[in-house]
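The structures considered in this document are given below.
Shared chain: subunit A. Partners: subunit B in the first complex, subunit C in the second.
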Partner chain A sequence: MTKRDTRSFWIGFAVIVALLAAAPLVLPPFWRHFVTEILIWGLLAMSSDLLIGYTGLISFGHSAFFGLGVYGAAAALLLVAPPNLFLAIALGLAAAALVAGFVAFFSTRLRDIYFAITTLIFSQIFYVIIFTWTSVTGGENGLTFTRPGLGVPGLYVVRFTPTTMHWFVLAVVALSYLVLRRITRSPFGMVLQAIRENEGRTRAIGYHVEHYKIVAVMLSGVFAGLAGVLYALQNEFAAADFVFFLVSGETVIYNVMGGIGTLVGPIVGAAFFLLLREALSRFFTEYYLIPLGVIFIAMVIFMPQGLLGFARRWLNR
Partner chain B sequence: MTKTWNDDNEDFWYSGKVTRRRLVGWGGGILGATMLVPAPWRAAFGAEKPFKVGSLQPLTGPAAPGGKTSIVGLQMAVDRINKTGGIHGRPVQLIIEDDESKPDVGRRKAQKLVEEDEVDVSCGGFLSNVCLACMPVWAQNKIVNMISVCLDTTITGSACNKYTFRPFDAAPAQAVAFGPELVKLGKKWHIVYADYSWGQSTRDAYAEGIKKHGGEVVGATGIPIGTADMTPFLSKITGNFDGLFGIFFGKDGVTLGNQAYDLGLTKKYKFAGDGAIAVPSNLPALGNKIEGFYGIDRYIPVFQGPLDNPYNRRFFAEAAKRLKTVAPQAPVPDRYVQSNYEAMNCLKLGMEKSGFTGRKDSNKLIAALEGLHMKLSDDFPQGDKFLRKEDHQAFLTEFIYQIKGGKYHLIEAVPADKTVYPSMCTMPA
Partner chain C sequence: MGPLPDVRPSAVGGRGAAATSVLRTEDLTVRFDGLTALNGVNFELQRGELRAVIGPNGAGKSTFFNCLTGVLRPTAGRILFGGDDITDLGPDRISQKGIARSYQITNILPNVTTLENVRIAAQSRRHRWSMLRHYRAYHDLIAEAEAVLDAVGLLMKANELAANLSHGEQRNLEIGIALATKPTVLCLDEPTAGMSAAETRDTMELVRRIAKDLTILIVEHDMQVVMGLADRITVLHYGQVLAEGAPAEIQRNPRVQEVYLKI
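Here is the complex of A and B:
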């Protein structure tokens, strides 16, 4: 990356963050809330891009990581009084990391469709546990709790408003993006991309592929768990549905729509998908899934590199 | 001259005589109004601002069939309110949002109803997890939330709040009502239930109801919801007991009925269960395998006992007419149509009593709804009922029935006051 490229990147990054930061000041309440949610789902999509786009592993286990992040935060907020923001984040991340480590240990021995199916099965196992263990998880009903304040309990705590919540989420997502970008550009990230391109050759030149894949799944799981924590903080409830594989499916769709292997693409994909779904459901009510499906198929056929890839090609013409 | 069913149906909206003079008067009025203000509700109500009623319903996802029949009941009530002069002369505008059978989407749509549509009250909710996820949204925005289908006990129990009301029954009330009849049928019971929160809480309620009347629950088998083949679970149910009690809904109810019959369980033991197993839409798929089933429900589509009243006949006829397009396989009103219809009418009654003008009057509306008594009428064709102040839970007549010849036969109507259970709610301050 040349000096000019670096400067362009930081200018672009600052402009986008500034625009997103200004969004709650100009948008009506519903859309303000909606943009915050897009950022959270975008972070989830970005976390899975580390596997799909950079390591070549299609994961259907992200619902488990996201859901455990939600439930970890919920447990901290319900069990500790007064509710502590940092404890919620720590417990959410720990729960997601633990599950990601467990899933990674078994699934990274496999490749391609076998990896995808294994992660899917693991997420369904966690779903069934959460769905039926009503006394602990609330089962189908889930758990409701109160959002903690921003600060350190006992010292300084300020209540979140919708605007400060949005800024908090934006700060976490922006920071996560920078960390993930750094990871993908590090020697470790290069090895992941080598695994994606040719796993056999990567192993042949001496890399312990399984170890790299385990770390990649765990890192991806931790960021998915972080998205779960943010969702719990914003919406103050945890539901078994978050662990259901459909959430993983939607995450893959965000990646495909936005452009895999780009980090920003999945966020764009999440925004596009969620806005499109909201708009179509207002016009077609219960039939909105039909045009949504048609648009998705058309995008896969005509824009296989996703919105970001398409935009890049169009700009380079 | 005795009244026929059709006579009752014709009386439903208007009971006066249609004379030529009235017809000309109405025609002129309607024509003038139409020319002045094009929106349909304005034609009827001039410039009066409508009351906006937000309703979350599952129009897509696994609960969509139930959501669509629910809307029939809700729309019927709203149409009737608007045709009879609205509430304080103001029309009712129903704004329905699809929650996609998902709690996160439900919550987002609830935010939309509150912030974008600026609804005055909420009336809806089908799946309990969606209702529970959305309850804080209504409470935070101080909007009265009239639940229309969600069954989970916690809604008016541990998760209760000032703004949420449930104008129909809960599992503990059904268990209190059904307990004596179950123990008459047999002393020892085995419960087979949908293994998730609703099934588990309902199981506990029935186990207590059976024990309270001298019966015994000798075993319980939980089956995950959506299990297409229940045989591995059901085949393990053996032993010395008198009756098998099922707690399932939707297609799981059909699976249980069919597979319990195929394994001979319904012949060997008395077969009873939650009314959700044998709702009208399930009967065609159950065929004769559900013969002899004992159930309990707040509403069954019959004209027997207390349900043999002109109000129910009118409600039935209108609902059946509307259901032909939504549920052609079983176009008869079920408990979902009934509870949505009555939930909206319960809101109307409270709004009328309290002089409700908008969201700012939510406290007045809550005061009017707490302890509200509803009488058998066109608004409440199911029968008398009351909303308990302590937990905002309604108590109403429960109908114990048996399926004979593929039809419902009412065995007993348990009055509302015989279904009361202790409140489990501590209202948050």
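Here is the complex of A and C:
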């Protein structure tokens, strides 16, 4: 990247972050909450892009990592008094990393569809465990808790308002984006892309492909878990539904709609999908999934590179 | 084309000791249900030599190569590299030990640049787990990759997508990728497959140049290609060593003539 590209990147980044930071000041409460959620789902989608777009592994198990982030944060907030924000984040990330490591250990031995199915099955196992282990997870009813304040407990703590919560989420997502962007352009990230391009050759030049995949899945799982923690903090409840495969499926859809291998694309995809669903459910009530599905299929056929890829091509014309 | 990058062996044995064996197989045997592809191959490669393995199609050349580079696990027998038993190691471990290979069917990273193909290979020796710095910040790897591209005559195409190179250029990129891992032994699997006569000549010239610093094992089915090139030739036939010796001896060998004339 040339110096000019670097500068235009940071200008673009600053403008978008500024717009998103201003959003809660001008939007009505419903849409403010909506934008915060888009950021959280966007982070989940972005974490999954590290696997889909950069490593060539399609995970259908991201709900497990997300859900463990939610439940890890919930556990920290329910078990430790007074509730501590940083402990919630730490436990959420640790839970997600642990599960991601477990899933990665088994699934990365397999390729293509077998990898996807294995991640799906593992996530469903976690769903069943969480759904049925009522005494710990609250089962069907889930868990409710209260959000901790921001600051150092005992010294200085401010309560979150919806606006500061939004800013907190925005800061975490923006920082995560920068970290993921750096990772994808690091020597490690280039190995992941080599694996996507030609796994056999990457192995033959001396890379232990499985180790790289395991680390990639764990990193991806940690960022998905971070999205889960943010979701728990914003909504103050944990439910087994977050571990259900629907969440994984939607994560893949965000990626496909937005454009894989771009990191930004999946966030755009999440925003587009969620807005579309909101709009369609107002017009078509309970039948909204039908037009949503039709639009998704049309997008896969007519813009296979997703919204971002399509926009890029259109701009370059 | 510029000077070669430093690809001298470092890991194994002492250089200068005349005729030290680097790579040895003992009774190497591979059976695929019913078919014996390799049958008790005893083979020894000396440090610094340029050895060709030839044989008609189906002689077991590729199987032999796949064993040496960890793609296939032999049914029986051992492979020793500089005194270490590498029989059960996978391709990545063998590459890290110092055996590199190119492929008969072009096997590159098509959707990245020519430079990146070689840079990622060089990166397998250091900085390979770095996550927090941009990959271009490692100037040493880029300089190394450029030196390799220069050596294989592709520096002008450094920023082209590898997929857009001509067939002959992709074949040379194959060799470049292998070279960039700084091997002790370089295995070339029919490096001139599908090349025009002119390209074949150039590539053989390239092999001759890199052979000054390396031990090279080259698989060919065309005997003429390696006649003027190899120090020694091993002839495989039906999975067994039929003959071994200097090119002139091999050419005169009646059994070799018989095998090649029958084809």
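Points to keep in mind about this one:
Throughout what follows, the second predicted complex is superposed on the first by the 317 of 317 C-alpha atoms of A that agree within 3 Å, B and C clash if a C-alpha of one lies under 4 Å from a C-alpha of the other, contacts with A are read in each partner's own complex, and residues count from 1 in each chain.
By definition in this document, contacts are C-beta pairs under 8 Å (C-beta built on N, C-alpha and C of every residue); 3 or more make two chains touch, one makes a residue touch a chain.
Values in this document were obtained by computation on a predicted structure and should not be read as measured data.
Once both complexes are superposed on subunit A, the partners subunit B and subunit C fit side by side without clashing. In the superposition on chain A, A:183 contacts subunit C only, with no contact to subunit B. In the superposed pair of complexes, A:191 makes contact with subunit C only, with no contact to subunit B. By the touch criterion defined above, A:102 reaches neither subunit B nor subunit C. In the superposition on chain A, A:160 makes contact with neither subunit B nor subunit C. In the superposition on chain A, A:141 makes contact with subunit B only, while subunit C stays out of contact range. Of the two partners subunit B and subunit C, it is B that touches the larger number of subunit A residues.
Within the superposed three-chain model, A:205 lies in touch with subunit C and out of touch with subunit B [touch as defined at top]. In the superposed model, the vertex angle subunit B-subunit A-subunit C (Cα centres) comes to 140 degrees (nearest 10).
The superposed three-chain arrangement places the nearest Cα atoms of subunit B and subunit C 35 Å from each other. When the two complexes are superposed on chain A, none of the residues of subunit A touches both subunit B and subunit C. Taken together, the subunit A residues at the contact with subunit C in this complex read 182-183, 185-191, 193-194, 197-198, 200-209.
Contact residues on subunit A toward subunit B in their complex (touch as defined above): 28-30, 33-34, 37, 128, 131-132, 134, 138-142, 144, 231, 235-237, 239-242, 281, 285-286, 288-289.
Considering their complex, residues 69, 71, 90-93, 95-96, 100-101, 103, 107-112, 116, 119-121, 123-125, 127-135, 138, 141, 177-178, 180-181 of subunit C touch subunit A. Within the complex formed with subunit A, the subunit B residues making contact are 59-60, 64, 68, 96, 98, 102-104, 107-108, 111-112, 115-116, 128-129, 132-133, 135-136, 152, 154, 159, 195-198, 200-201, 222, 224.
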